[in-house]
Amino acid sequence: MRAGDRELLSVPELDVASGRTLAVLGPNGAGKSTLLRALGLLSSHRVSGVILLDGRPATRPLMRHAITAVLQRPILRRGTVAANVISGLRFRGMSRREARLRAWPWMEALGLVPFADRDIRSLSIGEAQRVSITRALAVGPKVLLLDEPFTGLDSTTRADLIADLRAALSGQPTATILVTHDRQEALALAEDTALLIGGRIRQHGPTTEVLDHPSDADTARLLGYTNLLPPALTGRTHPLVARPEHTHLILDPSDGPAGQRDDDVRPVPGTLRRTVALGIATRVDVDTAGGPLTCLHPGDLPGTSLPPVGGDVRVRVRQARALAGVDGNGWTAGLGSRPSAS
Amino acid sequence: MRAGDRELLSVPELDVASGRTLAVLGPNGAGKSTLLRALGLLSSHRVSGVILLDGRPATRPLMRHAITAVLQRPILRRGTVAANVISGLRFRGMSRREARLRAWPWMEALGLVPFADRDIRSLSIGEAQRVSITRALAVGPKVLLLDEPFTGLDSTTRADLIADLRAALSGQPTATILVTHDRQEALALAEDTALLIGGRIRQHGPTTEVLDHPSDADTARLLGYTNLLPPALTGRTHPLVARPEHTHLILDPSDGPAGQRDDDVRPVPGTLRRTVALGIATRVDVDTAGGPLTCLHPGDLPGTSLPPVGGDVRVRVRQARALAGVDGNGWTAGLGSRPSAS
Amino acid sequence: MDVLFDGFVDAVELLLSGDEDSWTIIALTLRVSLTATAIALLVGLPLGAIVALARFPGRRVLLAAANTGMGMPPVVVGLFVTVLLWRSGPLGGLGLLYTPTAMIVAQAAIATPVVIALVAAALQQVDPDFRVQMQALGANRVRAFAALLGEARLPLFAGTMAAFGAVVSEVGAAQMVGGNLVGQTRVLTTAAVLATSRGQFSLAIAFGLILLLIAFGVNLSLTLVQQQRAVPR
Amino acid sequence: MDVLFDGFVDAVELLLSGDEDSWTIIALTLRVSLTATAIALLVGLPLGAIVALARFPGRRVLLAAANTGMGMPPVVVGLFVTVLLWRSGPLGGLGLLYTPTAMIVAQAAIATPVVIALVAAALQQVDPDFRVQMQALGANRVRAFAALLGEARLPLFAGTMAAFGAVVSEVGAAQMVGGNLVGQTRVLTTAAVLATSRGQFSLAIAFGLILLLIAFGVNLSLTLVQQQRAVPR
Amino acid sequence: GTAPSAGGPSASASAASAAPAEKSLILATTTSTQDSGLLDELLPVFTRESGWQVKTVAVGSGQAIELGRRGEADALLVHSPEAEEKFVAEGSAGARRLVMHNDFVLLGPKADPAGVRGTSSADAMKKIANAEAVFVSRGDESGTHAKEKGLWSQAGVTPGGSWYQSTGQGMGATLRVAGEKAGYTLSDRATYLTQRDSLELEVLSEGDPGLLNVYHVIEMTQKAGGRVRADGAKAFADWMVAPATQRLIGEFGRAKFGQPLFTPDAGKDEAKLGE
């Protein structure tokens, strides 16, 4: 898939069985939305390759009938909320009355009933997003394409909607593809997950497996294992990755090798770059010989217990995971440059 | 503040000291964006009341000079990323060269450097959001208004940005108002938090306190205490609220009063409405005499251990909090109607 | 200045007197201009949409041509059409010269580029993802296009009004291909010109005022339609 | 049909011969039409912006009036202006009748409603939050407005071209207030009309073709400007 | 084709220096004098000799006289004698002097369905009416239209019905309508000659003394309006009837059409014209 002479996306194969949900995770600009559009034959870019629908190559009319998509931005038609919500059904030739009946439960689920006759121009963005989701869900399509559908929803609505959606989808022959940045959403909704980085699928498999077993530095970073420990630093044969939550400064000098568990790595020396108090947690950025590390300490670290910026510190890493075959290059560059307050 | 003859917002008082950050939390349509615009004198609705800036009533030119806002949707000008990023500084009369210099660290922090000369029409939405944030941060204003700035960013970028922002803001005389749906963001960035519901500020105080001590049913729901236990159900004098994570079915009949802690409530009887498997957790909705309850069990609950839908169950609630002076009415209605799969 | 006042009085008189001639003229003006506008819309809407939405080489040139077409002098259009319809011309056999049909043809030719250019501008202004989202909801090409038109209807109406304004106010082509024959092809503009050349200035102004009244009426109707909900509940 | 061909040949000849007269006519056409368009923009842009952006009672009526103004017959505008500029008229002392200035006035009057209506349509089509966001970045009114114009420049250019097209192709007002004086107020359209009434059809067509050429040139320049980046790096 | 104006460099050169307050006068004239190209020939000479700029407004005779009446024109060159006389009688106009004449011709299709070829004009009109053959009238209160109405009343016919069509336009346009509709029409000879090539019309009746088309120049005075340039008007009128100018008029068109388009008449007795 190309735009001009840039290759945006190169996906050799990807399939979703009906009744199942596939989550697509990837950093900004990975090509998630592009992929979703390509799969729905909605793209205006040049797409090479075939999309199979029920095993047969999909034509636009077939596809149009099968899919509904929630694009990343809520794009509504001028008019009322109700008119928008039923428009997917109306496009499929349903009468207005029937469409309203079909859409009603979803309008209730997303709390849109009091808005039914409101002009869409007066909606808040979260409300517009709800309309956009409702409009797609009301159709009950064969293939449901969701592009970050829950962004902008308040957390209670989001939690309820995830449960409703899961309940609605299970047992239905709907194949769902969910683009998201939120690992929790992927876990809650999707049996399978694909990791998309730079237009390529790096990993694909059952969600729990994929989310916990990054295969290279990029996927590790995507999955929250933002600390990369090259072999030089740890003495292991493979690079290790760890979450900031599991990376801590060794504050008490006596707190040495004691209590070390099996998966622990020997403490890494470095210099403290900055500390940021984040309310419930304190983030400490440390520069090591193998690149920067981020530590996340729960609670407020009292300033006194911390060495000064530039001081020497040691970092303990727990629950690190090994990566097979990776060179840490692009990686270090990716994290290297943060502004030191402007 | 009114639109037509609807009252959108009614806020008696709200202040943010320079150097401090106020988080505004509220459900969709609470009026958060409206409030933010009103504070920045950016609203086209009728606003009555005064906005004080440094203690003096703010005029539009004064305000214009003092604030920068990131609106909820990224609204960019036609042109390149770089041109957009410097436009806030250019509006303030800075030369192009100087503006680029000032904006550069932020462009690096948000990973926009490779995009500098890209036409904004080719950006992904997350990328556009980054441009919008960078553009505002580059200005380094007295008052920073952020309307859900981190939606659409991938989680790694978001975590890094939150740390960068916190580091950049601390020690600066910037007063920041952050609208968000995410309690974690509020905790990480804001000393104070205001809860806005239905256009009114229900609670306002230090973030940790506000987030953990809901004062009424609405704020409880907003803060994730979605289970409301009216006095009739618990025998207490005040209604109680609890998070779904702390609300569980009693699956083992022997699992009775044993291990009951002080803050525990006596088990509540009800009928099971539905179970939803959410990957890492299982959500169980139960109807009780006092309204519906949501239980969230970690892991997959084996179907066999659950009673059938409609069967009698008992629910144990832990870490419940008491609400002072609330009637559970609107509340129950708010949760009552979910579609039973369409 | 008394001429202007007299013109106003004359206009009222013309309208009230129920003078058969002036009503014939008004009716013909409406018939010719509305038909021409309708034809221009019929031709220009799809073309404008193609220019705005499709991607093909030469798109820009076409757009520039349409923009140029807006500057096509009606006199020249009239002359072209006249030459075509002359008895010695290729379409002479139809005997259309000096009939309302000929005027409609000429005025439609004048209005079509206006419609193309303004339709293209109107449609390009809508969110490019709008059509994608409509198709992603199951709309086929036609329905997605209809939804797009509904979305852009404000500037589309402005374009329609511009086209109608261009033809109803135009005199060069109307005069040349219509011939300004009494009771057959005399419209308000040509009547105004005739009144002027007879030195009946206030009558000319009266015709002009009536024309404005008509244009206002048509615009009012269009504005009312425009303000209606496109998506009924 | 040979008339059309002859017209083409004549047009080439007129342009190549370096005939001083035709160049005078072309220069005057450009001067009058461009100046009139510029004035119309100067007047119509702020008015159109107000109609589009401000909120005041009677906004809709004003918009409808502007839309109606697009249908104002040039002949009638010409007559109005003539009556104003008559020696006996209120502005008679200026002695402007039958001068290019008078033509510019009349044509600006014709183009202004076109500009107002199309500017309003263009600006209304931009995201209403755009101006808010610009102000929220510290833009004062003027800068925010400039940014808005940059944002809407595609339809704004289309509107400008429509206005230019309306005046450059117009003949009724040009003839009436200009008088079609050789070397003084003769423009391409009035020259074409004169040629027609002299029976010199191919000459008339030649003038028309030259006019189209000019319109195309102007549109091409505008299109080039339009395609330029508004926000330079 | 030919260039539209024979004005030459003098016209455009002096145009540049023309300031409205200077020696500049407005001439309201009929379209025929401009359409035939006569004024393009004469006016530059006048400007060169007298220093007066002339703004020619070529309009119908009706409008020309109306402009004179309102003081919006300084001199009139028109050919609608009855209306002129009425107008002069109103008193705001100055001298009215005979300048030149040509004649009207009755034109019709070659087939001549009404059979008017060679008949006198009044007879011809009667025949046309009886045959209900298409007759195209200018209907614009011009001199030609006035003459045509005169002929109808001479013939004792009140024209009307679908065969009688009125264009309300100038001579050129009316000729074309008549040509296309294969109808009869009345035209001045000058316009007919200039457009003969593109028309399928022939001269069917000519030479009647009643078919003369007489042009007068009328000076306006300040009585019509305070801003009337009576001096310019007088200079123009005097120049028009001057012998040298009359010679120019007599020569005009001879080269191109083989015959002059106008006959100079200054100083002649109007009643004896055409004899």
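Think of it as A, B, C, D and E in the order they're written, each chain with its own count starting at 1.
Keep this in mind: a residue touches a chain if its C-beta (ideal position, glycine included) is under 8 Å from a C-beta of that chain, and two chains touch if they have at least 3 such contacts.
Protein identities per chain, from UniProt: A, B = Putative spermidine/putrescine transport system ATP-binding protein; C, D = Tungstate transport system permease protein.
Quantities reported herein were computed from a predicted structural model and do not represent experimental measurements.
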Of D-E and A-C, the pair joined by more C-beta contact pairs is D-E
Distance between the CA centroids of chain B and chain D (whole Å) is 53
Distance from the mean Cα position of chain E to that of chain A, given in whole angstrom
87
Multi-partner residues of chain E (at least 2 other chains)
170, 173
Of all residues in chain B, which are in touch with two or more distinct other chains?
73
What are the residues of chain C that contact at least two other chains?
176, 193, 196, 201
Let me make sure I understand the interfaces: which chain pairs count as touching?
A-B, A-C, B-D, C-D, C-E, D-E
Okay, in this complex, where on chain D does chain E touch?
6, 10, 14, 19-22, 24, 86-88, 92, 95-99, 179-184, 186, 191, 194-203, 206
Give every residue of chain A touching chain C within the complex, in rising order.
37, 40, 42, 44, 61, 64-65, 67-69, 71, 73, 75, 77-80, 82-84, 87-88, 91-92, 117, 135-136, 139, 141, 145
Would you mind writing out the residues of chain C in touch with chain D in their complex?
1, 3-4, 60, 63-65, 67-76, 79-80, 83-84, 89-90, 114, 117-118, 120-122, 124-126, 152, 154-155, 158-159, 161-162, 164-166, 168-172, 176, 188-189, 192-193, 196, 201, 204-205, 207-209, 211-212, 215-216, 218-220, 222-223
Could you list, by residue number, the parts of chain E that touch chain C in their complex?
59-60, 62-67, 139-142, 165-170, 173, 177, 180-181, 200
Residues of chain D defined as touching chain B within the complex
55, 127, 129-130, 132-140, 143, 147, 150-151, 229-233
